Amino acid sequence: MVYLTRRERFSAAHRLFKPEWNDEQNFAFYGACSNPNWHGHNYILYVTVKGNVNPETGFAVNIKDLSTIIKEKVIIKLDHKNLNIEVDFLKNEIISTENVAMKIWEQLIDPIKALGVELYKIKIDETENNSVEYFG
Amino acid sequence: MVYLTRRERFSAAHRLFKPEWNDEQNFAFYGACSNPNWHGHNYILYVTVKGNVNPETGFAVNIKDLSTIIKEKVIIKLDHKNLNIEVDFLKNEIISTENVAMKIWEQLIDPIKALGVELYKIKIDETENNSVEYFG
Amino acid sequence: MVYLTRRERFSAAHRLFKPEWNDEQNFAFYGACSNPNWHGHNYILYVTVKGNVNPETGFAVNIKDLSTIIKEKVIIKLDHKNLNIEVDFLKNEIISTENVAMKIWEQLIDPIKALGVELYKIKIDETENNSVEYFG
Amino acid sequence: MVYLTRRERFSAAHRLFKPEWNDEQNFAFYGACSNPNWHGHNYILYVTVKGNVNPETGFAVNIKDLSTIIKEKVIIKLDHKNLNIEVDFLKNEIISTENVAMKIWEQLIDPIKALGVELYKIKIDETENNSVEYFG
Amino acid sequence: MVYLTRRERFSAAHRLFKPEWNDEQNFAFYGACSNPNWHGHNYILYVTVKGNVNPETGFAVNIKDLSTIIKEKVIIKLDHKNLNIEVDFLKNEIISTENVAMKIWEQLIDPIKALGVELYKIKIDETENNSVEYFG
Amino acid sequence: MVYLTRRERFSAAHRLFKPEWNDEQNFAFYGACSNPNWHGHNYILYVTVKGNVNPETGFAVNIKDLSTIIKEKVIIKLDHKNLNIEVDFLKNEIISTENVAMKIWEQLIDPIKALGVELYKIKIDETENNSVEYFG
């Protein structure tokens, strides 16, 4: 059993806020991240899969196929987008890094299974100091 | 003569577009960067100053003072903000990295001179692949 | 269950040595790290916590609170200090990265529990080539 | 129980291909990585060991000894070499990063046990976007 | 006048050697880099151009056009290739990083001029410790 | 004419202070960097030389020779040392990064000239946010 990790990147706008709260309440809890005019990040996404190495090919999975799936299911939907209002699988979510990681997991678990390996971890770096990992 | 560089960071939303153009024209030229719903980046700012080393202190400039000025004049105005609509010194500008670098230069040249050194270079990394330098 | 990691940094002096040994014995075992005149590092500290995401806020923990606790309990005690002689929670310890990681764990486990999440891992990079992880 | 990681690097040439396939078949599966004239990488190797901290020394293992073993058993055999044709422990293997990681594990497990700690993980970064982890 | 830098990457095999010398002479001068079976690197290429900012667009050059040219003229010819034997513009050259940088300059100077800016610098990182810059 | 840069690292202790000042005066000016018990850093040193490429070898300078000189003249004197009290060429200096850069320049200018190239720049990263460049 080996673990492969593919790194991809997306640059996006977002805002942390709870619709039931007014701007003051949102600012008290979320701070500057609740700015109603948005802010943004260069997010770094690490997708880790696990599987057995096929002795015929030396691969657990062809990393080109893995990269293609991540791009099709996630990156083209998030890159240069507003995460709060433009992403089908993030509708009605608070756009915390925790929630983004869990929703990316949902997008990738079946397509990655179809490649013959198992999704093991989603890791997102929001900034160089803050990151989130989700294992399902 | 030595050159000191201070690195600071800001996370912000922006959009590349020309108000005289419609969305199609903007997309044709600026691509996904013209998304009307914004996107964003973790910008990295490098401010380089030059000056003579004071033999009494070993310093060309006290880097704490330099950092304070960069934060007061630039970072608190840009971090967790929308660069197109919330920044006094970027009003009516196309928010390209080129323009942001040149406008940051204008904010810092006099306060840095007041510290006894000379602003030499503004460098901004927009992504890990794209950066801009401006020397005035 | 998600895992959040906060990165913080501290620059400090230290020396690896065993008081019962003389300088030759210390040098034979610890090498240049036993220099009696100290040396130092830019340590990078990664604090990972785990917890369930609160659906009301999208957060497992407010990372500003986590950062505040790490700074108050650890960083202000270690940054720009001599780890061998100035840190209350490192008194009488051999200042190996292993021991520093385990003692930082002790400082953080209760305050992080009070935030509603659980301390999962302490990771310290001593140099770009050497690092230590501790899981309690 | 703590986990120590030592980072080492090697620059090497390799080719992904299956001898039973002709060049077209290899290209169809492995893409540009099957180039018969080779290509190469700056591989980064992370060796993680786990063990108890010796209260007499503050060390789980002396990281100088760990580094020496990694260099002798792995790095001098791989660095500035052709992984397909010059490395005794990679003979008759498809030179995928998966296989390289598993074979490095075999080289290190016993010598690291002799140091009094246990090999926990081999991680190899092939590029900044692709990496493999192996836990035995 | 601003300076824009685009980062691109290529992974390639190479060998440092002088055809007039035998293997012993090559090894004496070039060391392990002269390995007749090749080795390789993840090269990082930084292309810096300078130009005036067009006030109509906010751009000195559209960085998508710059990236396209670098890929067409350089990256597709070098990536996953053997630099000694597969690259038209490196034929009959000693494949030192110095020479690669100078030859990349020749490939890019005219196409970049056609974009309306001037090529200012080619920088290549061969490893994390060794790099070369060329200004024409 | 090309520019080559070699990166080397050293971990050292230091203190910023002026002997004529008492601890309060030193703290007022130098802040935590004046801690009488020292602190330390993982310094990163970049040595850039310039020279013409020898068409016979493809090299401006053999980077192994450059690295050897930097290690002999600088790194072995600074690494795992106390910069204030153990370094011959830093005696009686205020140990600011500015002064360290200028004194390293003095150590390297003649030996590098003897290699047939010219020392162009010394750059030191003291932390990831602060760096100094010196061009003589």
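A, B, C, D, E and F label the chains in the order they appear, each numbered from 1.
Keep this in mind: a residue touches a chain if its C-beta (ideal position, glycine included) is under 8 Å from a C-beta of that chain, and two chains touch if they have at least 3 such contacts.
Fair warning: this is a prediction, and the values are worked out from it, not measured in the lab.
S.K.: In this assembly, which chains make contact with chain C and also with chain E?
M.R.: Chains touching both chain C and chain E: D, F.
S.K.: What is the minimum number of touch steps required to go from chain B to chain C?
M.R.: 2
S.K.: From chain C, which chain is the farthest off, judged by mean CA positions?
M.R.: Looking at centroid distances, E is the chain farthest away.
S.K.: Are the two sides of the chain C and chain F contact the same residues or different ones, given that same means over half of the numbers occur on both copies?
M.R.: Counting shared over all numbers used gives more than one half: same.
S.K.: For chain A versus chain B, what separation do you get between their C-alpha means, in angstrom?
M.R.: The answer is 28 Å.
S.K.: Nearest whole angstrom, what separates the Cα centre of chain A from the Cα centre of chain F?
M.R.: One centre to the other, that is 41 Å.
S.K.: When you check chain B against every other chain, which residues touch at least two of them?
M.R.: As it turns out, chain B has residues touching two or more other chains at 128.
S.K.: State which pairs of chains touch, listing all of them.
M.R.: A-B, A-C, A-D, B-E, B-F, C-D, C-F, D-E, E-F
S.K.: Given the complex with chain B, which residues does chain F contribute to the contact?
M.R.: Chain F reaches chain B through residues 16, 18, 29, 31, 93-96, 98-99, 101-102, 128-135.
S.K.: For a test of understanding, state which residues of chain E touch chain B in their complex under the given definition.
M.R.: Interface residues on chain E, with respect to chain B: 1-8, 48, 53, 56-60, 62-64, 67.
S.K.: Quick check on the complex: what are the chain F residues that touch chain C?
M.R.: Per the touch definition, chain F meets chain C at residues 9, 11-14, 31-33, 35, 37-42, 79-82, 85-86, 127-128.
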